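Multiple structures are listed underneath, in structure tokens.
In the two complexes that follow, chain A is the common piece, with chain B as its partner first and chain C second.
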Partner chain A sequence: MKTQAKPRVAFFDFACCEGCQLEVLSLEEQLLEMIELVDIVTWREAMSEKSDEYDIAFCEGSITREADIERIKHIRETADILVSLGACATIGCHNALKNQFSMDEVLHIVYGDRAEWFDTISARPITAVVPVDYQVNGCPASLPEFVTVFKHILMGKEYKPPNQPVCVECKLKDNLCVYEKGMLCLGPVTRCGCDAICTSYGHACFGCRGLVDDPNLNAAQDVLAKYGLSVEEIVGKFRVYNNWPELSLEESHSDG
Partner chain B sequence: MADRLNIKVEHLTRVEGHGNIVVNLAAGRLEEARFEIVEAPRFFEAIMRGRDYQEVIHIAGRVCGICSISHTCAALKATEAAFGVDISEQTLLLRRLAYNGEIIGSHVLHVYFLAAPDFFELPSVFPMIEIDKDAVLRAMRLKRLAYDLCKVVVGRHTHPVAMTVGGFSFVQDEDELGRIRARLVEAIEDVKQTVALFKSLTVPQFERETEYVSLKDPALYALYDGQIYSSEGEIVGADQYQEVIEEYVVRHSTAKHARWHRAQYMVGALARINNNFEQLHPLAKEAAAELGLTVPCFNPFMNTIAQIVEIAHCVIDSVDLIDSVLDRGVQDESSRVEPQAGRGVGAIEAPRGTLFHDYEFDDGGKCVSANLVIPTAQNLANLDADMRQFVPQIVSGTREQITRQLEMLVRAYDPCISCATHMLTVEFS
Partner chain C sequence: MSICVVEHDELHALVQRLIQQGPAMGPRERQQQPGFYYFDWLNSADELVLDYVTTTLPPKKAFFPPREPFLEFSRTDPAKVRSMTDEGPFVLLGVHPCDLAAIEQLDIAYSDNIADGRYLANRARTTAIIGVDCWPDEYCLCTSVGTEQARGSADLFLTPIQRGYLVEVRTPRGQELLGDSAQLPATDQDEADTAQFRREKQRRVTAKFATGVEQFADILAAGGLTEVWQEVADRCYSCGSCSLVCPTCFCFDINDDINLDLTTGARIRTWDSCQLPDFALVAGGHNFRGERWERVRHRWHRKFLYLYTQYGRPFCTGCGRCSRACTADINLVEVSNDLIAYAQRETQNV
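Let's look at the complex of A and B:
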């Protein structure tokens, strides 16, 4: 049996909606059980205590300022284990949509003649700035995956996110394919693990969990073939969540 | 009394997003008191341009993790106004129901998890388990109920999946609605216990009369819909928001502020109750009386209490809404929408106050321009004005006491900084 003190956990956020942390708070009773196993030492959204000494850091949000780069590097140096929590931290999410414009242009659109007061750099996921040990995908972060990752961390085990398209989970649920309703769905190229929630409610998948590794091989080719679509066509729609790095099929994401 | 005092609370905790409290007093005179916003901007208005309307609505919901149903509804209303789409009675009832779920969830989060620890002089809700375990479990039960209500109606609380222009992408299950109804009825007891708990706590005494702004509806306690109303006595259509609400920059301040008739105004639960008390459900009025909330109320700390009154209203109103939906029987009303060129404004009372989404689309349904006006941004000038009047009243206390009371004041507004920073001016020192 280990006799050392409980691991110290910290939550941090960068540019995001804080919905992933809110999801973690909604674990409620399960969260209370988790607190038995770890000490949460920093969590600005939920508590006033702060500490610069922690073992495990969960980080939500994207890096959008020079100062954020220094901050995430400091967190990386301090923590033994760094986890990217949710789509902003893992794949860039909507923040990276601004990267298709010049930073001057987006600053002027939002801040007008006061644009020079502000500092912004092309938005990027945390995973693009520092190495991370674990990833939790999804917008908001998938809670079952969060709990799984949490357990893997405590057991000292590696976690590999699933590498099949959302179509696999969607078909298991016997859903009517939303392509039948004339929608463009990103399920065929998107990493599963969400229990196909959007398509189960009759909506199209927007790709919030990122691409499967090597979509040309692992995507649901039969779905694409049936509806006469190419991987290239649906990847165009993928920018809403996956605009970092500039998407190209040659450099599909790896788990890192 | 302190002659010289400099307080800087960097990255105030137990609020949504990053903000600093700054207070400087020299020679007994207040030099500055303000709430700074240091959140990273996300440029929503810029990134929405050129995107298909369905993507715009999807992205709009991601402005905020706490009130994504409000943002989604505001975006849907704006898009429906632009396209000339009318929604059915069933869709209206169900949206109002999901919306109540979000208000309950957001207010419970603030009242119990963010604000309550201050009253017990605790750093967070977690050690409250030792002091009042029932209260913590009750908070979790109410929040779970709110989340489950949202799940039944729109698929999920945080970033709803089933709301579309003109309606819903699925048909709600009547049995599940019935089960949620039963839990809502049971929750009335939890609401009463919440009222009893906060009745026993002391809210700081501080008053500053200001202008209160909210939506107003002749028939209902205005949450999902209404015209823009000011306690100064003016009412205008929601689509005229830019003609009455002026956003401006104060040279020494870091954030864009807003005004209408006065130099600042307040939005949120207290503003709504001040403006629309008569339309609250009798159970909510009873809660207000128990909690000592009489209108007009000029104490911003009572915003937390006003949220409890709204929790009572939304719980019982949700029971009524489910009854209406079930009486009619849930119909499959999914419909296809044809985009058309035009501009539309969607106004809604988000948990923290009046929220405006304004979009212009081309005839293919691509977004030409977007403007979002966020409750927290509208409250900042009012919060600064409160701080300027409040600091001299509390300055005889210790530094810790002053800091704690200022933190409580900011938290009472329940600021949602991530929402607000897409357009706030931010100063980097």
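Let's look at the complex of A and C:
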């Protein structure tokens, strides 16, 4: 970190809904404790001041245009520490859904006869374009992980995202498994770190934090097929968040 | 040990008294999902359900919490390192025989070798345990592991009968708990009711091992079962649910959680599971059980071979929670019987 009383923090956004930044703002009192430790110099969603000098950059959103590549590279060069904030920035999230189509097709679907005014490239997470030092997963970004990553950065420690499925946090909280209610849950293959927030409120996990390192997708396919889902529906379930890299589910494993 | 009969109203009053005297944990029905039960602190005797189907997590959570901060520290001031204060004594109500057996097994394991002071201190706060007999569901396998009549460290044990409960007073503490509750002498009819309950319970257990636990341990020790393990591993998520819900699993991890002042923090112990891929990962990147099938095998070996050899009883109390919890429908009894059948086929073929 550069010699500076407090490290300077900037927030940037690429293609996304900016929900992750909003989520960070909702930290409220904890945020006040955090700004004791850092100076926030750029944060379009939260303040009007901005600066081109910063040490730590939290970057939200996916890369979807050539110009984005230049911009993220510039941020990478400027910042000592680059953090991908949230699912769009870390695993591509919904943005990467468009990669199933040709770019020409999506331009015309969205912009009709003005399509040639715009340029687009297949959507990819920031992590696929420049090296990142830390990742925060989740859509929106999981706050417990954001705070943990923040502390790790300031202490100069490496952070490894947990390689355990959501089921672990879900079980530690003594939740009733939503399968007992006939709901289908991607918790067994999804990386935890959100404190199983969805299943704790009785919803299924949709996999917004991405897959664990070695997910047993065959098992997932068998289980979902047993509940009557076709291969297409199973792929669709995974694709809500997990499109990067392209998932390959083996058709042979399903009879649905 | 003595026996007596306590009527329903009288037991209700006794439970209410215990709750008023101090914290009491017992099985409650989930408000959002009737028909499902969990152990929790009770506010009133009305919340306690004694004829419940097995809970999601076992009662060990009362004295071995899933996530337990146990030490506060300061990175800059060693004088500020201190053990986090224990809360006071509590009682545990409505514990099934399998879970009573499991508490006994945890006590054995945590006292053996290097005793776990934290665990034992929390157990010492568990000042009374009241057990209750139960009806099995299709996952319960207590008769295969010999726990259907286990009493473990129960001070009182209740069997539902016509007149209320037949109460086994197993310890002086149990007698003390009863206090001045009306204790009726058990009649021949009460004892016949009790015997009938036990016979019927035995009859209703449908999930059964095809061999005794001793032969099963021999089969596991002989090995050569990789094909079966791999078949199970194909279906297994390595999600850890089966061991996280197991009343006899005792593995944990320890992590430090630093506060936002970046100076003070807490050391936390959290339940861990041998089914998770990083469980046996050590410095240098070597993983002793990197393959899924090795982790599946470890779960069976741990329960039915290693600890069986060490303590002379399987470290499975037949509660069936692992099978209930598995979203991939990997069933303890079915897999065990597949292993047994496979081993028997192999021996015949030799």
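The rule is simple: the second predicted complex is superposed on the first by the 222 of 256 C-alpha atoms of A that agree within 3 Å, B and C clash if a C-alpha of one lies under 4 Å from a C-alpha of the other, contacts with A are read in each partner's own complex, and residues count from 1 in each chain.
As a working rule, contacts are C-beta pairs under 8 Å (C-beta built on N, C-alpha and C of every residue); 3 or more make two chains touch, one makes a residue touch a chain.
On a predicted model such as this, the values are computed, not experimentally measured, just so you know.
Aligning the two structures on chain A places chain B and chain C side by side, free of any clash. Applying the stated contact rule after C-alpha superposition, one finds that A:73 touches neither chain B nor chain C.
Applying the stated contact rule after C-alpha superposition, one finds that A:154 touches chain C and leaves chain B untouched.
In the superposition on chain A, A:167 makes contact with chain C only, while chain B stays out of contact range. By the touch criterion defined above, A:48 lies against chain B but remains apart from chain C after alignment on the C-alpha atoms of chain A. After overlaying the two complexes on the shared chain, residue contacts for A:35 are found with chain B alone; chain C is out of touch. Applying the stated contact rule after C-alpha superposition, one finds that A:213 touches chain C and leaves chain B untouched. The partner of chain A that touches more of its residues, comparing chain B with chain C, is B. Distance between chain B and chain C in the overlay is 6 Å (nearest C-alpha pair, rounded to whole angstrom). Shared contact residues on chain A (touching chain B in one structure, chain C in the other): 202. Chain C contributes residues 30, 32-33, 36, 38-39, 56-57, 61, 66-67, 234-241, 244-245, 258, 260-262, 270-271, 273, 276-278, 292, 325, 327-329 to its touches with chain A in the complex.
Contacts from chain A toward chain B in the complex involve residues 14-23, 25-26, 28-29, 32, 35, 40, 43-50, 61, 64-65, 67-68, 93-95, 97-98, 101, 105-107, 109-111, 114, 117-120, 139-140, 197-198, 201-203, 206, 240. Interface residues of chain A facing chain C in the complex, by the touch rule stated above, are 30, 33-34, 37, 147, 151, 154-155, 163-165, 167-168, 171-177, 179-181, 185, 187-189, 202, 212-216, 218-220, 222-223, 226.
Interface residues of chain B facing chain A in the complex, by the touch rule stated above, are 11, 13-18, 39-47, 49, 51, 55, 58-59, 62-66, 68, 109, 113-114, 117, 123-126, 129, 140, 143-144, 147, 155-159, 161-162, 164, 168-170, 249, 334, 418-419, 422-423, 425-428.
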